[in-house]
Amino acid sequence: MAEFKLDLARQERIGLDEAIFCAGKTADQIAAILDSFPAGGGLLLTRLDGAKFEALPARLRSALDYEPLSRTAILGTPRPARALAPVAVVMAGTSDVPMGREACRTLMFNGQPHTAFTDIGVAGLWRLLDRIEEIRRAPVVIVAAGMDAALVSVMGGLVGAPVVALPTSVGYGVAEGGMPALHSALASCAPGVAVVNIDNGYGAACAALRICNLLARRDVAPPAGASHFVTP
Amino acid sequence: MAEFKLDLARQERIGLDEAIFCAGKTADQIAAILDSFPAGGGLLLTRLDGAKFEALPARLRSALDYEPLSRTAILGTPRPARALAPVAVVMAGTSDVPMGREACRTLMFNGQPHTAFTDIGVAGLWRLLDRIEEIRRAPVVIVAAGMDAALVSVMGGLVGAPVVALPTSVGYGVAEGGMPALHSALASCAPGVAVVNIDNGYGAACAALRICNLLARRDVAPPAGASHFVTP
Amino acid sequence: MAEFKLDLARQERIGLDEAIFCAGKTADQIAAILDSFPAGGGLLLTRLDGAKFEALPARLRSALDYEPLSRTAILGTPRPARALAPVAVVMAGTSDVPMGREACRTLMFNGQPHTAFTDIGVAGLWRLLDRIEEIRRAPVVIVAAGMDAALVSVMGGLVGAPVVALPTSVGYGVAEGGMPALHSALASCAPGVAVVNIDNGYGAACAALRICNLLARRDVAPPAGASHFVTP
Amino acid sequence: MAEFKLDLARQERIGLDEAIFCAGKTADQIAAILDSFPAGGGLLLTRLDGAKFEALPARLRSALDYEPLSRTAILGTPRPARALAPVAVVMAGTSDVPMGREACRTLMFNGQPHTAFTDIGVAGLWRLLDRIEEIRRAPVVIVAAGMDAALVSVMGGLVGAPVVALPTSVGYGVAEGGMPALHSALASCAPGVAVVNIDNGYGAACAALRICNLLARRDVAPPAGASHFVTP
Amino acid sequence: MAEFKLDLARQERIGLDEAIFCAGKTADQIAAILDSFPAGGGLLLTRLDGAKFEALPARLRSALDYEPLSRTAILGTPRPARALAPVAVVMAGTSDVPMGREACRTLMFNGQPHTAFTDIGVAGLWRLLDRIEEIRRAPVVIVAAGMDAALVSVMGGLVGAPVVALPTSVGYGVAEGGMPALHSALASCAPGVAVVNIDNGYGAACAALRICNLLARRDVAPPAGASHFVTP
Amino acid sequence: MAEFKLDLARQERIGLDEAIFCAGKTADQIAAILDSFPAGGGLLLTRLDGAKFEALPARLRSALDYEPLSRTAILGTPRPARALAPVAVVMAGTSDVPMGREACRTLMFNGQPHTAFTDIGVAGLWRLLDRIEEIRRAPVVIVAAGMDAALVSVMGGLVGAPVVALPTSVGYGVAEGGMPALHSALASCAPGVAVVNIDNGYGAACAALRICNLLARRDVAPPAGASHFVTP
Amino acid sequence: MAEFKLDLARQERIGLDEAIFCAGKTADQIAAILDSFPAGGGLLLTRLDGAKFEALPARLRSALDYEPLSRTAILGTPRPARALAPVAVVMAGTSDVPMGREACRTLMFNGQPHTAFTDIGVAGLWRLLDRIEEIRRAPVVIVAAGMDAALVSVMGGLVGAPVVALPTSVGYGVAEGGMPALHSALASCAPGVAVVNIDNGYGAACAALRICNLLARRDVAPPAGASHFVTP
Amino acid sequence: MAEFKLDLARQERIGLDEAIFCAGKTADQIAAILDSFPAGGGLLLTRLDGAKFEALPARLRSALDYEPLSRTAILGTPRPARALAPVAVVMAGTSDVPMGREACRTLMFNGQPHTAFTDIGVAGLWRLLDRIEEIRRAPVVIVAAGMDAALVSVMGGLVGAPVVALPTSVGYGVAEGGMPALHSALASCAPGVAVVNIDNGYGAACAALRICNLLARRDVAPPAGASHFVTP
């Protein structure tokens, strides 16, 4: 019996395709979703761990572009790359790569160019300063960092572009689960940093895509007659 | 003795002026900061409650444009309004107005047009749907909501523009302090919602300004020779 | 030695049969409870995971109606369906189905009609509005939702019937364990929403049954001579 | 400038009038709301503490029926009492009276009869058992209790009617703020107890009103042709 | 190399033998402790789960009196039973038996008589009242209860003997880990209830033993010349 | 109107008089309780802060023995002192004196001798060791300590008598509210320490009184024919 | 009656004088402590807020060197300055000055030179890098920072000296109370950062003093015959 | 593709080699890091559990000095032991040995002598006092303790050397995860105790190394002309 209904109109409504979050679903449920998907389109699957991927029928496994570290899979064809400067996806350490790569795969699936920067931690500040000019050219900067997430504030003070903080659950003791990274990002001393949920690489990419879609549209001139400041 | 140093180069570096966060400072400290400020510029003060404003010397009080509900004050002249469509600042209820207005004042100080929408709660869904077309024209949507912050997810599913969630500390019992609103926004079922700290109207506005500054620059064509997708 | 005593008089006292919560019990303990149960009656088992079901003796396994997704089993015969309009069991997403189905199975075991609604999330508001008229005909609405549980508030603003919120533990990061869903439901901006524990489909159904039992009794005329308002 | 919009259609939509939550509003904002209210109707104000009431203009103060312990005020005329058995509002101790009385006032404003029971704590079990027969005649039982809220479970095991737990913030140490009372009610060993936010007497009454409205309507026969059990 | 040193003088100093807490130790470490133990004495092991017990050398396994549900083992001979009325160990439900039994085994090992009472939950109040006279004869009452732990307060209001609350980690959702049971016991409305850590059956028994040892000594006449009340 | 009912049978049932917890009550409510109290008896009031005491009518103020630091008051005559060795009330520092003194006043009101020991912190271990012999003569030891509450474990390892830990809310930062003291006491490495709620000096004294009442009764011989060990 | 006993031997035992923590004490208690203090010595008082200082007798007020921002007072004469390089006390922002100054005053009272550095936040990285060479000359670096405390990690990666993190309670929303700053410091990606309690400027200075005392002693040659590595 | 970059200049900059934290990395990632390491140096690996070690290629396994209890491995040659008195690594119980040993291995790898002390809990105070003179000779004392971590405060009151508290996650109930141990250490009543993250034996050793490196340098004379006290 059908227990799911894909929101195929989401792209039209908000410019983002629906993705299938696999963590709370059985392999059978995922297979049923894939089988119900209309041919010709593209579909992104997130949080698909290796064991669950292996439990899918062979015909579905071979139809998927699966990447194990980020636990993402793509069915069908990603959108073609568009002509925008690449989003910067900056990862503080090796342990942040899975979440950062989930963001990269989501951007790629949606046709948005990106560049990944790895091992850019603040404990080795010079490695960060060496690459800052390149990062500054990005229209949006995603910063994946766990533990103290100090990189978020440092980056927020060095670039003027929108910064999307992606706190990660890397850590132990007080950092178990990623709360300090999340709270550091929210309490960042750098102004205007925006934050997504812990380990939510998909969400960080979607936040970046909302911005990049806006840049691609370029129809943000003020409506005629609009008053400038309407405060309550 | 000077205990503070204004970061006057911040505007040049990241496109945002430094603001003075007054909550942890005495009236004497604030007066000293204002006195040290070079003439001709503009300065935004946040979290300046009424009692502390009254404790400032009369010459400083008369130099400030003070607004009590948002607890903001402006010294000098805001930037002139620029030609961008207004940011939408949507407030779920009357109790969210102080935080939403802090965002409005910050946008205004930086020359960014905005429109405020009030009493747009999901418990009265039709009031929201009545105004959604107008909201959809905004380049960025700030959503100020407390309690369950359900408005964040509803809005995130209805507009394609970047959505900045501003959770507020309105509430009692489990909602005391605003944690449920923050966590609802972070766990939103609408993709790509970005979040700032509880009651951080200034930060929400800065996140919107980073995006609007980008739109105003319009120099986001890809650099020559950039590879499209560089994933780690 | 007998370590348990079934409360067989509970039905008479409060109109609800006792159920066996299997999560903290060994297969041996469960088997002993089933063997001690008097023939002819019906018994509901909750939180019986697949491995524990398989560890029961074959004669008990074949006597049970087991449903794996909801982890419920029924021994003996459910009560016959009574003539009341069906309770609505609304599930926000596929991941909420196990908890919603536990509620459905509990209602069915107690002879209460119900209708399940799936994939009714607020991020796709139109899917919800398409079905709201049907939901409005229910005497009680159970809403199973995780993450931000925004559906609870939206539903609470659209129907006048009693709404029982069933927050689920679906999610990760700040939503890990279901606390944001619980807190959103408790802080709902829609008035009069009542809430049960996270993942407690059985409890949500029992709360609905207490209401439906009342409707079936219909003996709620005021006692003679009762003063209307006796406030402390 | 109008910062609020009363949802005057709420009564028609869900059978509950909108109430004004005064905690996050200034006396000026409350006065503006009252002044904008159409003559002839009735309006309930909650969380209106004494100082704020005193700060209202005299003409508004004299128009309000104000009760200080529950911090509620009523503008205009409550609905006439209807012919339903009284809801039982049970308070564990003297400190729970303010929250219980907020529930009583909300019921009274909506025309629903009720009876209040005070000092019914489980540490003196006989006082509870002496009054249980009277409580059992109520269509709905609201239980206001703080600290360990043990009364919720005891009551849930003694009555078959819907039980609405109203945890209160009475207490200190681990009970500061009411979390143990809330969690005890959610984890109650009595099946089918439904819970509202800490200190939310208004919400507990609204949950009871949703049930009583249903009883008053009595139109809950099943629609023709409805299948009994539609599980996902 | 010796990494541990048994505190063999503890019995003399405080009247309680040291027990070996096995949860954080490897099977090799436990075997080394047992091998170093002087012949002729008795030793209690707690938190020894089945897999770890099976990993011990056969000669040690056969020397131990192992009980799997409570995860306790006894090496050597318990103390002979002394002539004191039995401690009551009251368990709210079947899921509380492992913790209650750990208390029973600790009492038995120390020669203290006890009686276990099972399935004494408050949701079925009559089962509790049927047995209260027997419980009242105990010098100390240990109450093992999870979820809302309402039994603690009910029992504390019915008996005058010292009550030791043993909150258990039985539960899910807000009750996951046992915090509500702990907090309910600490905030109990019954005066003078003392509490031990969640699942600490050994500690509850030791608290009871401190009291029973005192009763066995009976040397609590006041010292000559002691002033009665010396308040700071 | 009567909103309270004193539980005058409590002394008979559990050997402890009811006390009036004043924190959640208005001066009017307290005065009404005192006026309703039958002449000739004794009544203990706790958490009666100075302002509230001053708000009582003069005739009641003069009838009360009020002690401001412990915020306790006694109406009527305490019980005469009985012939038991004094309970030791040990306070780690000056800041713990209010809570320790609440325990002392409760013991005194109930006729139980006690001796107070002050400034017995572990950071100055020798001060503690100097007085340990005197403390060892007590039938029960109450330990009032905040911050890390290390004194609880040290004391639990030095005396064999029942130890009642009274964690206090003294502290700041992580110790704000007393949680670390409570958790340290619950996780104490000394076996058999029993714990009451933070700042609950009254409860600590009641736990001691339950033990001392038992010693005073001395009727704890085993009932004829009782089996020694009845484990579930 | 004496409720306190100064630990005058502490200096001899661990090289640090006892300080009087005034937060939990009344002005009367503090006056009694000061009066009992032997003439000729020095005494440090912490957390003495202005109102409490004003409530002291005039003769005591004039004997104290009181500094309001740090809420410290000194009775008698500090130790003479010794010949060690100054400890660096680095403060991220103006709001961190009170806590940093408490550390400075404690160092000064104990004769340890120090240098304060203010407004060294990471959002303006160049201000930090400008002063790093001077900071690197310190034997110990105390870093006072609130909000995200990113400065702790940046500093820990730039200097080799012992770093003592002093998280401050500056902030709001998730940063209310200072938990994110504490957790960031504990989870710092820079190795070997040691942390004290939130706002504990006195403790940070004492940690530095333990190190500086060691440097002043310089008697850390290995004892004859010591094995180098004795691992358990 | 290279996802990591070793910070080989860290030793020069802050005197500590970079270590490889293996918990968040796959065996493949660790192998790649080891293969990229330049011959002749030494490298410390932490949190390398047995299964992951076994998954490394045989050639790498044989090149590593692996110690399973502390989960550390050393590639290449540790630094030669230097002539400083040994750091004391004090462990409260057997369960704290893994974390204490991680500290010992880190010290050894860096050439710093140390001595380990085991089973030094406060519940057996005499065992601690027997060894205190030896511990007092250490330049730094690391205290590894879980549960209530009372040993930290006792030790801090007995020695004048820098004390680094290493709270451990040993425990259950409220102590699950180590929070009470951490909070007790942070709220210690002994002045100047510095704390590292839960289970962070590596970090505790690094904090000690920063101090020992300072002692080895001995260049802490004040710079010419430095003012003694420069307070903000």
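Lettered A, B, C, D, E, F, G and H in written order, each chain numbered from 1.
Here is the rule we go by: contacts are C-beta pairs under 8 Å (C-beta built on N, C-alpha and C of every residue); 3 or more make two chains touch, one makes a residue touch a chain.
Source: prediction; values computed, not measured.
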Option reproducing the contacts of B-C, where over half of them reappear, out of C-E, E-H or A-G: A-G
Chain separated most widely from chain A, comparing mean CA positions: F
Inter-centroid spacing, chain E versus chain B (mean Cα positions, whole Å): 56
Chain centre separation in whole Å, for chain G relative to chain D (CA means): 51
Chain F and chain H: spacing of chain centres that average the CA atoms, whole Å: 42
Multi-partner residues of chain D (each touching 2 or more other chains): 3, 93, 97, 118, 123-124, 156-158, 173-175, 182, 186-187, 190-191, 197, 232
Complex interface listing, chain A residues touching chain C: 2-5, 7, 9-10, 21, 23-26, 29, 33, 47, 169, 177-178, 182, 197-200
Residues of chain G touching chain H in the complex: 13-16, 19, 81, 83-86, 91, 97, 100-101, 104-105, 107-108, 113-116, 118, 137, 139, 156-164, 182, 186-187, 190-197, 202-203, 205-211, 213-215, 218, 220-223, 226-232
In the complex, chain F residues that touch chain G: 69, 93-95, 97, 118-119, 123-124, 126-127, 170, 172-176
List of chain G residues in touch with chain A within their complex: 92-93, 121-125, 147-150, 152-154, 156-158, 171, 173-175, 179-191
